[in-house]
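Following this message is one structure expressed as structure tokens.
So that you can tell them apart, the chains are marked A, B, C, D and E in the order they are listed, and the count of residues begins at 1 in each.
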Amino acid sequence: MTTPSATGAPLLTIENLCASYGGAWVLKDVSLTMQVGEFLAIIGANTAGKSTLLKAISGLMPQTSGNISFLGHDLLNTPAHRVPTLGIAHVPEGRHVFTEMTVEENLRTGAFTRGKSSGVGDSIARIFDLFPRLKERRTQLAGTLSGGEQQMVAVGRGMMLDPKLLILDEPSLGLAPIVVEEMHDRFHEIHNSGVSVLLVEQNVSLALESAGRAYVMSSGSIEFEGIATELAQDDRIRRAYLGI
Amino acid sequence: MTAPILQVQNLTRRFGGLVAVNDVSFELDPGEIVGLIGPNGAGKTTLFNVLTGIYPPSAGQILLRGAPSGGLKPHKIAARGMTKTFQNVALFMESSVLDNVVTGGLLKNTLPEARKKARAILERVGLASIADKKAGDLSFPERARVEVARALCTEPDILLLDEVMAALTPAEMEDVITLVRSLRDEGITFVVVEHHMKAVMKLCERLLVLNFGELIADGTPTDIAQNDRVIEAYLGSSFAKKRQHQAPEVLA
Amino acid sequence: MTRFFYPSLAVVAVTVMSLLPLTLDPQGYEIRILCIAMLFAALGQAWNIVGGLANQISLGHAAYFGIGAYTSTILLRLFSLSPWLGGILGMVLAVLFALLLSVPTVRLKGHYFALATLGAGEAMRVIANSWASVTGGPVGISVPYSRESSLWMMQFPTVLPNYYLFLIALVIICLVFWKIQTGALGFRLRAIKENEQAAEVIGVDTYRAKLIASTVSAAITAFMGTLYAQFQFFFDPDTVFGVATISVKMALIAILGGVGTLLGPLLGAAFIIPMEEFANSYFGASVAGLSQFAYGVILVVIILINPRGLVALIGQIKNRIFSKGGSQ
Amino acid sequence: TGAAALAMPALTGRGFAQEAVNVGVIVPLSGANAQFGINSRNGIQLVADEINANGGIKSMGGAQINLVIADATSNPTQAATVAQRMMSQDNVVAVLGAFASSLTLAISEVTERRGVPLLTMSFSDQITDRGFQNVFQIVSPGSQIGAATFDFTRALAQEAGQTLEKIAIMYEDTAYGTSQSAGLRKAAQDAGIEVVMDEAYPLGITDVSPLINQLRRSDAQVVFPVSYLNDSLLIVRSMRQQGINIPTIGGAAGYIIPDFREGLGDLADNVLSISPAAYDQAPDYTERFREKFGYFMVHEAQEHAACMGCLHSALEAAGSADHAAIREQLQNSVFDQGWATVMSGGKVEFDEMGRNIHASPLMVQWRGGELVTVYPKEYATGEVVWNS
Amino acid sequence: MQSITTFFQTLIDGVLIGGVYAVISIGLSLVFGVMHIVNFAHAEFLMLGMFIAWFAWAYAGIDPMLGAFIALIITFFIGMGMQRVLIKPIIGAPQVAQIFLTVGLLFAMENGALLLFGADFRSVSTSYQTQALTLFSGESGRILVPLDKLYAFLMALLSGASLWFFLNRTSWGRAMRATSQDPMAAKLMGINTDKMYMIAFGLGVGTTAFGGAVILPYITASPTVGSQFVVLMFTAVVLGGLGSVAGAVVGGIMVGLIQSFSALILPIQLQNLTLFVIFILVLALKPEGLTARRRS
């Protein structure tokens, strides 16, 4: 249960966003705002378009219309590789580790935009603290790691960017419960240190526990939004996402 | 008491210096639904890979219906009735969903029969509407379900499911659980790897726990949930706490 | 379209191709081009079985082609054996070679497979060059010129009968390909193409499937080698075991047309062979190198327009016309 | 398929005057042999231009020669197709070409079946020993050139007071090297001389060290490398590198083109080579080539020019474009006029097999950027330098 | 006794010519490693490098060992441009399309060079090309180290080491490898993947052109010189493990040694037969090349 430490200053504003992979529109008129310092969650069923929304923010969607602005930058017209330099780290769904690099090289690559700046070593040490498993495996090729270990690499690599906004697309996918727990604790710490966090999480109860506010998506549109703790009590949510 | 359908005896698999599966032994009775849990990197997927012949065992025995199957090629093992789904999803991405499933059906059928079977299975797992879509265009959860359908079409006796419920909504998980149960009733034996504890607890009648390649526990979900080693290595303390509050509901 | 559309299209195409030479000079240039186009269409189709369906990009198919050409020609020269029999023996030898080659290569994937087969083709070329007592060595080997015509000995006064041999062979090979493509083996090969490990786990004997595909392909290629020898009358190791002249060209034709499709190699050959000829006759005389330069540039341009080949390109054009028609 | 194939040649639109006589020229204009193909084309072009400038073929009403030139590429299949095209589309009276034996052999299978005369300077014995009626080889066959290489060398050594006992042969393993070295080997064996090294190597060899090491160990008195250009440069340079200075007698091809000298500079001096023809035998003709193209008349240009010269005379005599009539003339005439005289003996005459009975190879030697004929004596224009 | 010197001479010859193969193969391996493209036209850049170095030598008197750097720079930019226009559109395309494109490019470049430079064979003359170090000289024979090949060998080590350092020890090198393994993720790390591809291709063809220049004292330049090396280059690169720079060096030297020792025992004509047989056998035992690391 985090109290939103939002400052009220807009961080990310999305207006009437539509996006497609070449066929039908996968996002239809999505609007969303996020404030500096917020911990925001997006939940929704499969194929609701959550990942697509995140990809659009990062400049990975081929066809888009509408508006995305991040601290005054027009993201829709920013090439994907410049987005991280603005301070956005995106941990993609499905791990996407660099399979032929060692764990440590993966992490170092995460710090690419930081150039020669110092502190890269410290960041790595912090990530090894969070995921001791990775420390054991630091010289192993990431492609030979177990699924969950790869997920740790992906999250750690994203954190290496030292971002203003950390975007997490299903970070707990395939992780052991104990690791999920620790990782979410760490997300809190990161958030508390001033980083805004945008989280997509299928583990809805966890997401609503972590986030201050949440948007609920279905078939390409925002259904509704609200304070996370309130949504957790909402019947519509309980039925669809908190079952089992 | 029926004879065990699968016996695993002192199974070990190494990668260089790393022992991914370490001296593991267990048996499966026909019609069981067994959960295989354990921390990331514990060796669950590797165990599946050795069972299905992707990797040969470094040591130990596997008896499939009494006959040794360790070291056989995957297709031989599939023909003997054991197959698996892939954690990272390994569909034939350029082919349609239907064709993916048909290919599985060819193991025991002629092409026209395989087609018929595949359609029936797609119907059953609720994928009929996307039968003609290209597998590469599906979302991750959809793909995982196609994996299941394709494996089912090989008409297995033992099906090893590797995290097919990851990224599913609770409602969808319920569907999968219902499906697995009904398939079990038709005689298929399941081993399920899943990190979603609620789902595991609900679906499985027995749990195996791996840690650092070793089997550290084998018992009913209730027992496992109270096993200190498992809590420490895998479930975490808060899970144990939560369980105490919610125990009756979860086990329902 | 009804399900009779494609079969009837095929019947029409075969009929046209059968009647066409009657309008041509039977000793002429056009008929020779057509023969070569059919030869390469057939070779492309044979390659398509392994390269297209299973994505086993072989760059060593010249080995089979050369085995076919040499086997029948050597037996013809030594024992006056009919090329029909020699051709069958060539097929047997090619199948044996394919089996032998599969031992080290069957586990190889992608580029490794491609380059290993390339090595195998080159090895055959070296052998043919060095084993002069049997092959005639680098000097080449001639099919004896017999002035009397005989179907049994595949000797004809004009190219016309060769034309029909090529046509029949092409039709048969297309049928074989089609049978494989739409049958269970086709499913298995496509599974191998996309994910070999997954294919194994769901019960595909990948080794066996690859073996069947490569032996069928090898046998067909070898027989085309025999037909080629009886058509060209003279060849040397560099030609029939050539990387550029045979191996890569077979692949190019299938790829250009549309890899893994029935129509692909046909379109590919129908395009490449005349195009090569066109470049040669149009630019060849003026400046050294210009014709080959033009040929290269045209290849590059086509692939840039549509990397999936002519079949896809035609589909694209069809779509465009169709959608235009629809909007009006 | 058919429509496309048919449309292509029509597009080429090779238009020419009605009365012109089309002569097919098929030479490699791309690939590794392009340089030789260009040289060959230049030789033929020179002669054709001269004929046309002098009023064309008189017996045919001053008909001009129209060269139909095509790229043989390096692929025999393509070469044969080109030949077919020339006969069908261009109605050529005869074909000249195609430098490399493998191409010529492929072309001859087509020309023979259509009864079109083919004049060639390719060496391979096989070209004229299949009993074909329509092929004429203006140079000695490879085996004879090979034998002459040996015989001439032995004579030269003897004159210099050296008795040959051990020789080394190395040859590139295509048709040219193989057939020529076969003649060489046989001549040496017949003379009872020990061939202490006899190695084929692949054309396109990238490292000749093994060859040269072997040569060094072999103790040979002379070496006969039969090579194209790249390999010849490699061989000569590596020999110098290793301090091997025995006489080197090349097998034509790479050894007798300007690039050889350019590549080796002074190292080229005194290298010997066999040649099927030499420009210093008929300077009044061959200098015209140098004037027009700026380099000396290499042998393939010279021999192709001679082919064109013979064809010209045959056309004059036949007075028609009829293939049989031309063939008749080629078979039965003695060509001792015009460009035919640049061949050894000053004339050309074809026997039943289609071989030029007067052809005699020559031994040439590099001397300050020029090639000088040094043997046989009756053709020699300079003294041999023999450094044993 | 004789056989000892022969053995060492063969060993030295093999290693040295192996260095020549290595220097021209490194770039091919890089292009494959980063772009997953088997570039059949790659050897044409060898030819281009040779011509550039030849012109530098002929018109400015620059020794090919220095001309090599000019060749590297010029072809680097040519390569970048070519990547932009020709290779980029096919990066995601099926493997077969890439084969097709690069074969077309091969024809175009080889014959483009013929049109541009003519069919003449061009070679340089330098003092060292006919010199050799004598390592040993005695009863049993001599052991020589030809200087031209020694220089080429040293340049091979230089370019291999530089490239290896770049790829493994610099952040740009890591970025390049990241791009090759997962372009989408690389973009998310702020890596300009388009630029990486361009640089990789430029460097790859540049290194090979560099190699071409370095071997100019020894091999004659002509439009078709690439075809002399293309199969050997691929063999070297695959033996070492496609995509690995160190592998290309190892593979190159292996090819040299195999050729050299085969020539000692068997007819020279068969040296490539030996090579291909060993090549196929190595692949059979280690399907991803000698230096390949284990993957899942």
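As a working rule, a contact is a pair of C-beta atoms (placed from the backbone, for glycine too) under 8 Å apart; a residue touches a chain by one contact, two chains touch by 3 or more.
The UniProt protein names, listed by chain, are A, B = Branched-chain amino acid transport system ATP-binding protein; C = Branched-chain amino acid transport system permease protein.
None of the values given here were measured: they were computed from a predicted structure.
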| item | value |
| --- | --- |
| Starting at chain B, fewest touch steps before arriving at chain C | 1 |
| From chain A, the most remote chain by mean C-alpha position | D |
| Comparison of A-B and C-D (more C-beta pairs in contact) | C-D |
| Gap in Å, rounded to a whole number, between the CA centres of chain B and chain A | 29 |
| Where chain A and chain E are represented by their mean Cα positions, the distance between them in whole Å | 43 |
| Distance from chain E to chain C - Cα centre to Cα centre, in angstrom | 31 |
| Where chain A and chain D are represented by their mean Cα positions, the distance between them in whole Å | 74 |
| Junction residues of chain B, two or more chains touched | 15 |
| Sites on chain A at which at least two other chains make contact | 144 |
| Chain E, residues touching no fewer than two other chains | 110-111, 114, 119, 223, 267, 269, 272, 294 |
| Every chain pair in contact, whichever chains are involved | A-B, A-E, B-C, C-D, C-E, D-E |
| Interface residues, chain C side, partner chain D - complex | 16-17, 20, 25, 27-30, 32-34, 36-38, 41, 126, 129-130, 132, 137-140, 142, 144-145, 232-236, 238-239, 242, 245, 266, 269-271, 273-278, 280-282, 284-285, 288-289, 291-292 |
| Partner chain D, residues of chain E touching it in the complex | 2, 6, 9-10, 13, 17, 20-21, 110-111, 114, 119-123, 125, 129-132, 141, 144, 146-148, 218-220, 222-225, 227-229, 232, 256, 259-260, 263-264, 267-269, 271-272 |
| Partner chain E, residues of chain A touching it in the complex | 58-60, 79-85, 89-90, 92, 96-101, 105, 108-113, 115-116, 141, 143-144, 157-158, 161 |
| In the complex, chain D residues that touch chain C | 1-2, 4-9, 11-12, 29-31, 34, 37-38, 68-71, 73, 75-78, 80-82, 84-85, 87-89, 101-102, 105-106, 108-109, 112-114, 124, 126, 130, 132, 173-175, 177-179, 200, 202 |
| Partner chain A, residues of chain E touching it in the complex | 171, 174-175, 177-178, 180-182, 184-193, 293-296 |
